[in-house]
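These notes open a run of structures that come right after.
Note that subunit A is present in both complexes that follow, paired respectively with subunit B and with subunit C.
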Partner chain A sequence: MAKFEVQTTEEQGIVVLALQGYLDAHTAPEFEKTLQKVINQNQYRIVADLQQLRYISSAGLGVFMGFIEEIREKGGDIRFCSTEPKVYKIFELLGFPALFRFFPDRQGALASFQQDASNQES
Partner chain B sequence: MKRLSQHIIFVFLPLIVFVVFFIDLVFLYSQITITTLRIFREILLVGLLAGSWFFVQRYFRVEKLTIPQKLGRLTALLTLNYLVVLFLDGLLDPAYSDSFPPEYQNVAAVLFATIIGVLAPPTLIASLKILQELIFYRQKSTTRRYFQLFLLFTGLTSLSLYFTQQPLHLSFSGTSAQNTILFLITLFFMVQLSFHNDWIVYLPRKIKWLYFAIGIVLLSEIYSLFDVVYRTHLTAYSLFIASVSFMLYLFLLIYATVAILKLFIYLPTAKAFDRKIREVNSLNRLARTLNTELEPEKLIRMITRLSREVLECDSTWLEMRQEDGQGFKIVHWENLSEAQAANSPFQRHPVLVRHLYHQKQPVLIPDLHKHKDYAPLVAWKKEARSLLAVPLISNRDQLMGVLYALSHTAYAFDNEDLSLLEGFAHQAAIALENAQLVEKSIFRERIEQELKVAREVQLKLLPQQLPGLPGLEIAALSLAAYEVGGDYYDFFTYPDGALGLVIGDVSGKGTSAAFYVAEFKGVIQTLARVENDPCQLACQANRIMYPNMERKAFISAIVGRYEAENGKFSFVRAGHTPVLHWRAADHHLAVLQPPGLGIGLEAGPLFEKYIARCTVRLAPGDLLLLYTDGLTELRNQNEEEFGDQRLQEILPAVSGKSVEEAKETIFDQITEFLQRRALLDDLTLILIQKTEVSQSQEEGLLSAAVQMQNKARDNP
Partner chain C sequence: MKKSKPESADTSHTISDETSRSRVELASLLEISQALNRSLELGDILNRLLLVILGRLMISRGLVLLREPSNGLLKPACARGIKPAALPEPVLVQNLPTRFFHIRPSSAQPLPDALVGLMKQRGLVAGLPIVHQDRVLGLVLLGPRLNGDTFGEEEVRFLASLASLAGMSIHNALQVAQIQSVNQQLDFRIQQLRTLFELTQALSSTLNTDQVLKTLTYALMGQFLVNHHAVILFEEAGPLLVRSQGLEARPLLSLLQEGLAECKDGRAQMVRALPAGPLRKALIHAGVEVLLPLFHQERCSGVVLLGGRANGQPYRETDLEFLATLGSQAAISLENARLFSASLEKQRMEEELNVARAIQQRLLPGKIVQPPGYRMAGRNVPTRQVGGDYFDVIPVQGHRIALMVADVSGKGVPAALLMANLQAAFRLIIHEPLSLSEMAGRLNRLIYQNTAIEQFATAFLALLDVAAHTLTYVNAGHNYPLLVQANGRLTLLKSTGTILGLLPEYQFQEATVSLQPQDLLVIYTDGINEAVNDRQEEFGEDRLRKLIQQKAHLPPEQLLAAILNEVNRYAGDLPQADDMTLLIVRREA
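Presenting the complex of A and B:
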């Protein structure tokens, strides 16, 4: 089956998950583990960089849905960036843009978190 | 009566002995010779011999005894002979003449000879029987023949000796020649039979030593048996019995000598031989369990135990690769502490890692104290001196685990041990792999069974019959992937009489998806009794489903409504794929994708805010296509996707055909695209076509519409 990979990095105190390849029913459990690990480290501000993501199935979308409630309860969020049009269409069909914020690039997504932080301070 | 005949021997034998004893006394005191009485005496003695034979056959059952028991009986019998003689020597003072055969000189001689005469035949016949059993331990077709010939010539020689009334001289002159020739033939068979002692080879090493020691004593006992116990007494009693006894005694002597020699020869190699036997046995045992033992747990225990038994070492343990493929763990051990097992230093040791874990080579370290590299291993277990480790390699050349053996003495293992343990590990690897495969396939079978049930449930949820409506043709196609997916469609009637339809796709696969489908169907059908608006229906369905669903699960759906009287089709799209509308009038394909969230993604407020109704009016010849993403995400062998492009070409291509024909065309197109590849996901599509409505149908519709309005008025 098609390969899937995820790289976890940290930028400005925000976890960036760079997804790569095909996120489907077969690879979703692997991604679920990665996301669980991030949350177990009490990191709730997450950017999912989808630039290299070629396909996402309903099981893949389910992974985000499975965690978002907990993350938001803890004051965090998952934000998407650099989504390829074909993949964005899948998100769009299901109505994800109503539930999640999408950014054209990683900087935008990271900046939005910084913005939130400064808003809270003021 | 039968019991009596069985035990008659106990009357018969003592009677013979008594009569002979009486005759002997008469001869001794009367100093006369009565030939008839002498012949009668000899006949009685033949009877005594035959009776002894019968007695031994009947009451001295050696067939069921083990070899040690047989040898024990033999020793006991011979010892009994010696004890009797010793006892009699102290009590009596027999005197015999110097002639051959010797004659009694006093009553003591008669008594002594009688007792020995009674004792000797059963002893030697019993010994013969034991020898026969030992000889037949490994029987060849000729063995039995040789034995019978030996018995025949023993009898002939004895008769010859008896009739010539001469001792055996081993000369070829005169009457002795006949005796000598017969004797030599008998001797030949004795020697021949004496080499049938294969039972010695298979004795364990310790038993070989024991038998050798006992054998030396036994041999000297046998050797002096005839000289000390039998010679004069027995010859005086009966020359025939004496000669038969002598022949049997000689056979016993020869057999014992050869056996002792063989034991002596086999002693130095006994250890190696022992190990070989145990190796073969344990490999056999393992191979047998290979077919019977399917529980990996039990196999692992067996492997460590058997390897320790065979190598006679202090500790053995088995390391197995962990399920996640990360590293090895000691799963079972013999004679290690809990802490030692939990904290093995072997995977961190550079030499072992390189040889064992990377090159999959066996490792033999004769002395751990010799090199400081091994200090960590000695630190781990301070008694450790020599170590043997062999890899368990799977069929696919993967390292499954490592079998270790450890001894507290240096140089405890040699290359033979290494190859033995290697053979052992090879068998063990096969057995373990088989067991694991079986376990996996049982698991898979259970899953498949579960899927089958789910699949059956799911199929029952799909409508068995499509609704018939004047002016509207409907066709549906649902292809099931191998695994249970979550595709679903259904038709219903709104309270106001309009046709309702729903198509949905539950995220994920497997049984949970199937049960969400069942739940969803129930919710929709219940709501459809009271709700006329597809948008309200979807919103309420979301509110009901959301709390009951796992957070990572959701349902994408389209809920539609068709009003036959005006051809209006309105629907909401809850995160589902768009609806395609082919307008026959201007040959235009509209992709209808009003905003909407999937069901179960959000509790309600956002869902209801976001969702929007879309309404189109169908004209005659218009086509609607509703589908699940299984269609657009179809993949063929070249990993090519069916995609939107092909999808949008479908409707123009089938316009003008009936929906049934259109469905067939689409199905053909799908199979052609897939070639021979299996479906990865469920695929469902619904085709709806508005047809020309005839005059009569229009009237019917009108009346239906009036009825509907009345009904709506009655139930506000």
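Presenting the complex of A and C:
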């Protein structure tokens, strides 16, 4: 049985979800719950750190699609970082890079949110 | 990258201008050839080619059109000095020139009108075909030279050399691009298959409708980059919107059920390809782009609606095929989930009925009292369903035994509840200092007040005085009990009042018979005489009376068993509609 885990932490006021293992049709509901919980706490700025993610299937991608509209309506975003090439290829095949921002590392993704915030202030 | 420099011209002062210019040209050809061959990326190559030409001939505007290998359409591939909005749409041009051309009227070669028009609109005056192995791969179209010079023989020669160099590189790059595109498509197909495989597994591993739909919709959302969707199930009670995001699907429900009632397969359909009508209009209005019927074994159990893709791309034919495959998988899983939950429900109800039946059996007397000088036997045979028969034998003060046989109307839980109610009331009331008719009056009131109008009970209540050998009874609309005397004479203990629960106030009469030694009393419910055989013929009262007269000599337990045996033999294995109850009393001495 494929194993999936997600760790939720907060850095600089941004929720970081560190995904681990296999995000597929079996594990998608679990991830959905985690994401729902984050949103229920009115946190809409989210970095998905995929460094430890080994595989993602359509159902896993679907969870992101399911929430992104609501998150963006609330002024937030989901941004991806540290994606393994094999995993990134799946995102790419399905056209995700046109809709989502990807960063090489967590710092970059976090910084992009800070950048947004300072742009808004100025 | 180190650029190759033209050799300096100081080796000889005798070299003419022309020769030195040729050398420069050769050098730049060499340079461009190296640059072109360094890359297999088409955009790179075209960009460099255009830059070299524009720079070398002092031209400010240029456009490269490439022919699509599949349909021959000329498509803009690279441009300089032309705004993106001014780029031409892909166009089919026959008889493309194979040599450098200029659109001035005196041009040696006749040019296709479409090409000339396209060029004139964008201020392009000359063109250079890119040829590889006698095939025109595309055209480089150029604006006028800024210094006002024309394209001389020399320039044309230079351009021709360049074009043939570029031809090879572009050909290679196109090949690579094609392989990449095939690879991309293959990867995509593999990804689709993987999704399908994973989903098939996931769907078949759950019997939970909600889980099936969740898995399906997430896979669709991820696969097609779509977030607006809805799922509607066509249940027996009507269409049910079970999931919805970003689509106003509620107004569509009945239209969809009507529209899909005639659907013959599970093919996914583009909404814009539907026949014009209210359904198509409503779907478009709601933002639905694709309809995916959940079709399994001739039945459309629901439909998935998908909105537009978030990347703005259209759904393709292969997407629809993929959707149909997923849809049929989901439909099977939904059907399984439905069957499973139906059987769970049935199982649950049966368990509840079992409990009710067990409770009901416990309300009946376990061991029948045997007063001196009398033998008694009683039994209730419940049907598979919970029924409403009740009998009781209760010793009361003064050598008396209260007897009761009742049949509550209806079946199932309501009947069982009323039976339990009647039992409780009778057991309470029987010890009160009341006459039997008064008791019947109270039971009647109780049933009338506590139940719906269609619920009632027939009952035979009696007090047997085992000292005085009398039987006082009230027959409230019940089957006539049989009193068989020792000489074989048969008396029917007919009604002394109407059924319980029919009228709010009713005065029951009571009657009394005396019992002689060997007299036999048989009280029964209509489950006995109305038992049917495979021709739907009833066992009947005549047959019952004859049987009892024949076997009247048997002790009550044996007579009871004999009657039940005979009825069961008559009815065979047919499930009987009603409970069967028998209460038999014989005065021994």
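Keep this in mind: the second predicted complex is superposed on the first by the 122 of 122 C-alpha atoms of A that agree within 3 Å, B and C clash if a C-alpha of one lies under 4 Å from a C-alpha of the other, contacts with A are read in each partner's own complex, and residues count from 1 in each chain.
The rule is simple: contacts are C-beta pairs under 8 Å (C-beta built on N, C-alpha and C of every residue); 3 or more make two chains touch, one makes a residue touch a chain.
Owing to the predicted nature of the structure, the values given are computational and were not obtained by experimental measurement.
Look at A:65: by the touch rule set out above, it reaches both subunit B and subunit C.
In the superposition on chain A, A:93 makes contact with both subunit B and subunit C.
Subunit A is touched at more residues by one of its partners, and among subunit B and subunit C that partner is C.
Within the superposed three-chain model, A:29 lies in touch with subunit C and out of touch with subunit B [touch as defined at top].
Within subunit A, the residues touched by subunit B in the first complex and by subunit C in the second are 25, 57-59, 61-63, 65-66, 68-69, 93-95, 98-99. Those residues of subunit A that touch subunit B in the complex are listed here as 2, 25, 57-59, 61-63, 65-69, 93-95, 98-99. Across the complex, subunit A is touched by residues 505, 507-509, 550-554, 556, 574-578, 593, 595-598, 601-602, 606, 610, 629, 633, 639 of subunit B.
Contacts from subunit A toward subunit C in the complex involve residues 24-26, 28-29, 32, 57-66, 68-69, 89-90, 93-96, 98-99.
Across the complex, subunit C meets subunit A through its residues 184, 187-188, 191, 194-195, 198-199, 201-202, 205, 211, 214-215, 217-223, 225-227, 245-246, 310-311, 313.
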